[in-house]
Each structure stands twice: as structure tokens, then as C-alpha cells.
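Same chain, two partners: subunit A is paired with subunit B first, then with subunit C.
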Partner chain A sequence: MEATEPPELVIEAGRSSRHYWRDLWRYRELLFFLAWRDVKVRYKQAVLGAAWALVQPLVTMVVFTLVFGKLAGMPSGTTPYPLLVLAGLLPWQLFSGAFSGSSGSIIANANLVSKVYFPRLVVPLAALAVALIDFAVVFVMYAGFSTWFGIWPTWRLLALPAFMLVALLIALGAGLWLTALTVKYRDFRFIVPFLLQVGVFITPVGYRTDNIPNWRDLLALNPLTGVIDGFRWCLLGGDYQVSAGLMGTSLLVAALLLTTGVWFFRATERTFADII
Partner chain B sequence: MSLPNPLSTLHRHRDLVVQFTHRELQLRHRGSRLGHVWALLSPLTMMALYLFVFGLIFKSKFGVLPNETTFDFALALLLGLSFYHVIAEAIAAAPMLITNQPNFVKKVVFPLEVIPFSTVASSLYHALLSILLLLAIAVFSRAGVSWTGALALPVLLLPLAFMALGLAWGMSALGVFVRDITHLTPFMTTVVMFSSAVFYAPPTRDPQIWAFLKFNPLLLLINEARKAVLWHAPIDYGVMGYVYLFAAATVALGYVLFALLRPYFAEVL
Partner chain C sequence: MDDTIIRVEALSKKYHLGLVRHDTLRDHLAAALRTSLRRLRGMRVPDPADFWALRDVSFDVKRGEVLGIIGRNGAGKSTLLKILSRITEPTTGRVTIRGRVASLLEVGTGFHPELTGRENIFLNGAILGMTQAEIRRKFDEIVAFAEVERFIDTPVKHYSSGMYMRLAFAVAAHLEPEILIIDEVLAVGDLPFQKKCLGKIQDVASGEGRTVLFVSHNTAAIAQLCTKGLVLQYGRVAHWGTAAQSLAYYSASFTEDSGSMNDSFRILDQRVAIADARINGSNKRSIQLPPGRDNIEMELEFTATEPLVVTLEARLLDQFGGCIAFFCPGHTDPHHNVIQVSAGRHVLAANMRLPPLHRGTYQIDLALVRPGVCYYARAENPCFLHHSGTPLPNGNVFEQSAQGAGYQVLTGAVRPRSGGTI
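This part shows the complex of A and B:
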């Protein structure tokens, strides 16, 4: 793709910021390399590789089925409880992987950031790749369970990528905020595990949203609620409904998070190399 | 092969223990603006969020105090979380403790058992802080604090320290050889959290689940601590005997594992 003649380089004030999005496209190879590196680290260093991606959702499925399904006696409708939990865990894992990856990404690549110029947005974007690969692994497991419980995919499965995209965008929006904030205030490191540990309960991963009518409106403010309902609608079939209000809130919050996230990231990224 | 006595080793290197614990506490808050305020802020935030989910949404109750309020629930929650965090932090940190310090293994003669010990000591320090905070808040609850129960806290915290120490020693030694343990720790902490009834009453009424959970020493210990400090009930010494036995076995096993594997650390690091 390279021309034999090196391109002319004009250095002028504000140029990099005017050409930001074009630069982002030009640096796509870096994006692929960073993503590839992360995936390689995740799946080559550990002996069992993919197995670790499976252990966590599997154990969480068992624990949630016992605690929410058996102890708390939450109803699951027509679907078996483990499958209900797993269908909620799919988007949750996608989100939490993408969120924790992107929010730690700038600090994790401190050496790269402080040494050379490139659109910093590449780093948190590349961090999404590992989450996607993990998602694919868990999805295969889900397909196995789904077949075992005798629930077959319908045409609704076609809508799944849309819900995946929403989950990823929410994660990216929140991740951009946190990664930019962590560069300046290291305290925010503590916030991510916090949010994830508690988020798994505030998000209806282990239970159905239609069981708790009095808190449903509050839970709907969590953009992942809509995504999880969407996933269950796509995967479980049957009596699952996607409420337009819930989905609307999801999209609205996702759009808000993403635009403000990109704005804040862009506003602070010039200082990253100096203060990291 | 005879194993060195860990008590005499730790006593001989007590200055190192103090320094490492201090360093551990410093490191945890390095570079953060609020610094040590986090030690108090983080358990409180945790409690508030769990309270919202389990207390308000699920209306979970421990059902021991008559007319249990949300405030009573929050106090019992905070006490359970403080105990749980000591174990969870030991599990989460242990596998990398020795692995991250190859210089201490290869370059100098160093009492390595000090490193896991001071990690546990620093998380116990944080637990103590949040328990003191809890006692200060609990004074305002309707049931109040049982001061005789509060005096029994050292008896309740000792087995907790032993279990954490045993886990830290054992897992830090294993972590040197099996790097993959770090992938296991997040779900180990999840399992410990749910099986220890941190935010729900011990499920005595569900015979299938209780048949397993009644052997969980952390669940029993947390329950005894809540009874003693918050619920004005006497400690069940039979239960405490079991917990102490388990804790002693954990710390002994953890140490033996550590001491047996240590000669080989330098070969793989």
C-alpha cells in the first residue's frame, strides 16, 4: 500500500486535531496490531486459554441459579433458570470485558502513549477486541446449553448483533470517561472493579425485570437493562418482550455516554503524554 | 526434612513485617488524591450499593432482630462484608505476591513468608477500620451494639486471620508454579461471597443447599459475629470450635505447602 515516495509532512498548529478522524482511519493497522497483541496475550500465555473464559460465566450461572432461582425463589417463566442467567451473562460479560479493558487501556499502554503520536482513541478501541473474542467463546457454550435445554434459535437471532453493538458502545463510552480520568486521578482505578462487582446485581443478570415492578423504572435507567432484555428476547424466544421504553432509554443513555465520553477523551488526550 | 517454625521466623523478622505491612498500606493508596480516606470510603460505598440491591430491591432480611429495619440490615451487611473482604483480598492478591518479587527469591536470602503475612496484616487493618466505623454507627441503631459481643471481636477475628493467612501462604506458593491461578481467583471470590451468606440469611430452611453450606466456616463465623455484636445473642462455642479447627488446619496446610515449595521457587521464577 505504501508509495515509493515518502508523503510530505506539514507541521502546523491544530492540524492533528482537525484531521483526527482521518488519522484514526489511517492508524487502523495499529488498531489491529494492538487488538491482536491483547488477544494473543490472553489466549496464548495461559495453558488452558479459552477454558478460563468459560469458567467464570459457568460458575456465575450456577451460583446465580442457586441464589436467585432457588433461595430467593425468583420465577423464570417458561425458560429454565440456568439458561435465563446465561442469556443475561452473555451481554454482561461482553460489557464488563470491554469496559474493564478500555478503562485500563491508556495506563496499561503508558509507554506507548508517552513515546509516540497516534490518535489515542486507538488504544481503548483495540481493548474491545478481547471482549469480543471472549464473547464468541461463551456464545459457543451458550449454544450448547440452549440445544441441551431444547430451545432453538428463531429469526430473532438476527437482531443479536444490534444489541451487541449497543453493549459495546455503552462499554466504550463509560470506558473512555474512566480511562481519561484515570490518567489524571489514579483513584478511578478503584472504581472499575467496584462498578463491575455491584453492577452485576443492579443489572438484571440473575433475574427477570418483570418481577420487580416497583423498581423497574429505576433499573431502566441502567442502559444495560434494555440490552439484557434484548438479548433474552433474541435468544430465549417464548414470552419475552422488549419494551420500547426500556430500549429507548438504553439507546439514549448509550448515545449520551458515548458522545460525552468521546468529547471528554478528546479534550484531555493532549495532556496524556505529559501526566501519565 | 524439618520445617522452620513460622512463629519464630516471623518474630525474628518482626521489623521486616512491620515495614512490609506499612509499605503495603502505602502502596495501596499511592497516587490517589483521597489517599487513606479510601480505606473508610470503599467499605461504605460497597455497603450502600449492596444495600440498594438486596435491602431495597429484593427486600432481603436476616430475620433475627424483631422488626428488623433497613438500617439493621445495612449494619449486618457491613459486618459481613468486612469479614469477607479479608478472605477475598488474600485470595485475589496471593498468586502474584511471590511471583512479582523475583529479586527477593533469587538475589538475597529473605524470609519470604513475611510477604504474604504482611498482605494479610494490611487487609486486617482495613477490616478493623471498617468494623470500628460500624461500631460507631451501630450505636445509633435501635438494638444498639452489644459491648460484650464487641469485646469478643478478637476471638472472632483470629480465625479469620488464620484462614486468610493459610490461603495467602498456600496460594502464593502455588502461584509461582501455576500462573493460571490468577484466572481462577475472580470466580473463587464470587463463590466465597455467595456461599458465605454475606447478604442474605443463612439458608437453613433449604435442606439441599444447607447440607453443603453448613460446613462453610466463613458463613458460620460471619453469623456468629453478627449474633455477638449486633443481635445480642450468645456465641455458639461449638460452632466456634469447628471454625477454629478449620482455621488452624488452613494455616497449617498453607504454611506446609509454602515451606515445601519454597526451595524450588528460584528454579521457575
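This part shows the complex of A and C:
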């Protein structure tokens, strides 16, 4: 590493936070390698590889189109219903993959945490990578469907990375809370699948928000609502409008979740090695 | 500027013992409520589960020194290394370190079985704090040291355990920190490999002028490698001096330890209480075995609050903590060596035939058990046996740890001295 005179390091109770963010930057290669390991291992062990990432959104798309579009008769505007659902599933999958990955990450890497020092934030951050790779796979599928339905991308597509980032940060915020809690109380592991199961319905994945004005303000409290609306605005074009109020509320909740998540994780990470 | 590279000042670390670990939120809430109620009533109850793994530890290490840290199991060696490696925080006190630290508390941390040798070198290197460029530069050297050239692109799950250990150590051995912290990693691998590792550590320490902190039960290795020695006892510094002085202090502490072994029992089942434990009629923590004697007589006096099925279990360990022999009569012959005792006070006696032993100090573990079901009470190293048999041939310091490679099951009989029926 640097050939300069190493700085003096002081270890004291409650002191380890001094150079935290600088340390995190210095450990960026570890972050990269952990992410690379997770991606590699995931695709090494699965025979069908990327196909798994496709099956789930494909089946969910069909089911949601039938249930929300046909049975419940929800309107989809000018957009074909399957495409509406898929445009919602894209960010939802990104979120759920990143969230379940990061919330289980510290326990999954317990051997590292108890044997080596590094800023613990590296682990949940690295867990986001697998979700991003899966996202890329589903995105290719989306592009195929979109072309088939004759919907072409517009300049709005340029805003998509921003919404992806928001989805990842929400997942990270929630993931940090849960992974820190799980270290101490293993019960929190069981909350994750439950949250995701319920979450897919209280997030407008299978329906659009602009025709349910009474519920929209309530839905905005779920930060993913803003992300999904943002995705649809970017991808579907045409008549899809986003409400500034909804977007603002969602972003505010997302920011709150992330800052408290980072705060709680930082407050508890010093004891991880002792109680894991 | 003086050349102190590590300064440890009044370091202490407190742990909560397993007894009160709250695994679920419900337990935790209930306990928190109880404690705060007690506080409200003005009672100050010291938590019985508080345990000081380290207490007021202070020492300095100078640049280029090789410090050996010695102590019995549970003396706080690993906790000290964990604090110095920043894995865990001290409760009080402070450490000042001037230099880049690499710590090796385990060989192969973060190795993933599905990844190839090549991939694991990069992953493990990153975990140990090497940069990608550094790993790439040393890659060939690492592979050559590990002697795994042919299998470098094979997933490590197909490696033999020897190859796996060699590769893991090779990565760590090529770290270039100013300070290297090593915890008993030499307890693994075969003898040639252990020698190779020790040799490498010696190169690092003497040739390249780095500071090394080395924890080991292997007193011979400490004598060979270290310039300074620190003896820890019950979390405190018992001795601090040159390696030779510290080793002398450490071995003397075995013979001079005149405490009773009864204190070292942990009660795991509240239905029993240990009254006395004796080996060859003595309850001292240090016992001399006369030459030619090939058995030991163990007696355990205990009280039971209700009728129980019991027997005695013992393990004989070499000085590095490797198990040489296992005495478990209830497992080998459940019909004859398991004893039904009534509530009350009992003495269990067992005669254990020892395997042939070299001259040296051995440790013994004792337990009161129901075979295959549970431990009632258990003591780790309550007693040290000093055996004055023949010394090791050709003075090879590594020979002895090889005894730990496989243990033998000892036979003998357990019988009640008073009360109880077989």
C-alpha cells in the first residue's frame, strides 16, 4: 500500500469511528472482491445460471397480469398490462434482492467478522452486487418485451440510474437495520421473507398509482412507491405521470431509512465480533 | 522518536458469559425489565455473568521485536490479539499502534470452497488487507510456496486438507505489514508444513526486521522465535521479560501451582455439586507421576440433589492442548460403567491406564457425565501431570505435538466408593 509513514492508530472503547469513512474507502478492493465472490458463487452453483433470475419475474408478471389486470380489472392506461407489471417488477426485484442479501450479510460472513478487521459496512454493501447483476438480466428481458409491445425508450431512460440508486439505498437502509438486529437477535431473520411477501402488495408492483388517488398519499409513505413510479415514468413513456408530492414523500422516507440504518449499524457494529 | 511500535496501557475487556446471553428479543426484554426493576429498588447487583477476559494489561513492543504471548487456555491471549487486530473493542484502556497491522487469527479466513485456488488467493489477500497489485506481484511466489501449481485452477473444495492449509498459509506469509499478529496457526498441518511455517515466520521476524506478536502453546517454538515473552494468567500480566525468562516463569507456574482442582469445575447441571476431585489421592493442581507408573487413580466426590445416572470422563492432553487419550468408560461399555446414584453425597473412582508418555507436562480434563446425554460438571485443565519418563528422542521439538494427531481410547473401570449401585 502507501509507502508513507503509517498513521498512529489508537484503539480505545468507543474510538474506532475516527477514520471510518476513510477506512471504508481504503477497503474498496475488499468490497469489490466480496461482491465478485458472491456473484461468482451464485452463478457457479446454479446449473441454469441466469435463467433463475428470469423465471421469478416472468411467473410473477403472468400472475399479476391475471389477478390485477383481468380479475380485478385495474386500468393500465395506454400501456399493455404485462409491461406495466414488468416495469414495476424491475425495481421491486432489485430492491428485494438487495434487501434480503444485505440483511443476511453479516451473519453469512460471521467467520470474517470474528477473525479480521475491516469496516463492517463493506459486507452489506458488497451484498448489493448480486442484486445488480440479477437486475441486468431481468432488464434485458424487459427490453425484449418492450420492443415486442412496440414501446421504444425515450430520453427519460437517462434518469433510470438515479431511480436504481434510490432503490438500492432503500434496500441498504432497511438491510442495515435488519442485519445489525439479526446479529443480536436471530429472530429478525424470519421477518425478511415476511416483509417481502407483504411488501409486494403494498408496493404498486401490480397496479398503477395514478388511478387510486385516495390511496396514493398513503402509498407514498412506502419509499418504493416513488421508485416504481419513477421506473415506469422512465420506461413506459406515454401517459405515465409522476406526482411531485408522492416522489418527495418517498424520497424523504428513503433518506430517513438510510440515515437511521447507517446510524444503527455504526452504533452496533463494534460489538458484532463479541456477540455473533 | 523512540521506537515503540505498540503501546498497550491498562487494557481490560469484559464479557458477558453465556449464561445470560439472550438469543431472542423476548429474553432480552424480560432481562432488561428485571434489571431496571432492581435498579429502581436501589439494589446494586453485580452481574454474576460478567467475566474479565483481560484486566489491566500493559506492555510496550519495540520495532523489530518478536513477542511471544504465553498462557493457559482462557488466560486472555486470544482476546488480547482480537483487540490488537481491532476485531473487538476493549472495555477500558488503550492501545497505540504505529504501523500497518496484519493479523492471522485463523488460516484461510474467507476461503470459499467453490472458488479455485487462484480466485481464493485474490479473495483471501484482499481480506487480509493486500491490494490487488500486491497480490498479482506475489502471485507466483505464493503458488510456489504452497506447492499447488498443478491445482491452481481447481476449486479448493477438491483440495486435500494439507493443500488447503498450505495455500492459506502461503497467502498470509506473503503479507508485508510492519506488524504481524499470529495466533496458533501452526497447530494445523503436518510436521514438515509446521516447520516450513515456523521458518517463514523466523525469516519475516529476523531477516526483514518486522514486529511479530505470536501466540502459541508450543513453548519450543516460542523459545526459538521470540525475543520477548509475555505470560498471561487469568487475564492479567503474570510475567513480562525476555522469552527465556517468560518460558521459565510459565513452566514454573505449573509446578508451583498448589491450588486445589475443585475450583476449576464448571457446573452445567444444577442437580450436582462437586465436593472434591483427587488424582492419586491428591487434590492439588500439579501432580508428579513417578517413572514407571502407567496408571492414574481419579476420584470425584460430589453431591446429587436427586437420583442420577453418572460416570466419569477424562481426557489427557499434551502441553499444546492436543488430545492424546480419551477415557470414556460409559461409551465403551454402557452396562458396566454407568452408575445409578441416589440423592446425596457420593465418590466415584476410576483407574485410568496411561499410554506410554515422554517426559513432560500433561494436562487432564475431568467431567461428570451421563454418557451420550449430558455433562453435569466439567473441568478443563484442573490438573497438570508431570511425567518423568524418557525424554524425547533427538530433541526434536515438533515430535511431541504429533502425539495429538490421533488419540487413543483408554480402558478402565469406574466404580462407586460410597452409595450408588452399578
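The criterion applied here is as follows: the second predicted complex is superposed on the first by the 260 of 276 C-alpha atoms of A that agree within 3 Å, B and C clash if a C-alpha of one lies under 4 Å from a C-alpha of the other, contacts with A are read in each partner's own complex, and residues count from 1 in each chain.
The rule is simple: a residue touches a chain if its C-beta (ideal position, glycine included) is under 8 Å from a C-beta of that chain, and two chains touch if they have at least 3 such contacts.
Keep in mind that this is a model prediction, so the values were computed, not measured.
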Subunit B versus subunit C as contact partner of A:71, first or second or both or neither: first
First (subunit B), second (subunit C), both or neither touched by A:55: first
Which of subunit B and subunit C A:215 touches, first, second, both or neither: first
Partner chain(s) touched by A:63 [first = subunit B, second = subunit C, both, neither]: first
Which superposed partner A:198 touches (first subunit B, second subunit C, both, neither): first
Partner chain in contact with A:187 - subunit B first, subunit C second, else both or neither: both
Partner chain in contact with A:40 - subunit B first, subunit C second, else both or neither: second
Partner, of subunit C and subunit B, that touches more residues belonging to subunit A: C
Doubly contacted residues of subunit A, that is, touched by subunit B and again by subunit C: 45, 185-187
Partner subunit C, residues of subunit A touching it in the complex: 1, 6, 8-16, 29-30, 32-34, 36-37, 40-41, 44-45, 109, 111-118, 184-187, 270-271, 273-275
Subunit B partner contacts - residues on subunit A that touch it in the complex: 45-48, 52, 55-56, 59-60, 63, 66-67, 70-72, 185-187, 189-190, 194, 197-198, 201-202, 212, 215, 219
Residue numbers on subunit B that touch subunit A, as the complex places them: 30-34, 38, 42, 45-46, 49-50, 52-54, 56-58, 60, 179-180, 183-184, 186-187, 190-191, 194, 200, 203, 206, 208-209
Subunit C residues touching subunit A - in the complex, by the definition given at the top: 15, 21-25, 28, 82-101, 103, 105-106, 109-110, 112, 114-115, 119, 122-123, 126-129, 131-132, 134, 178
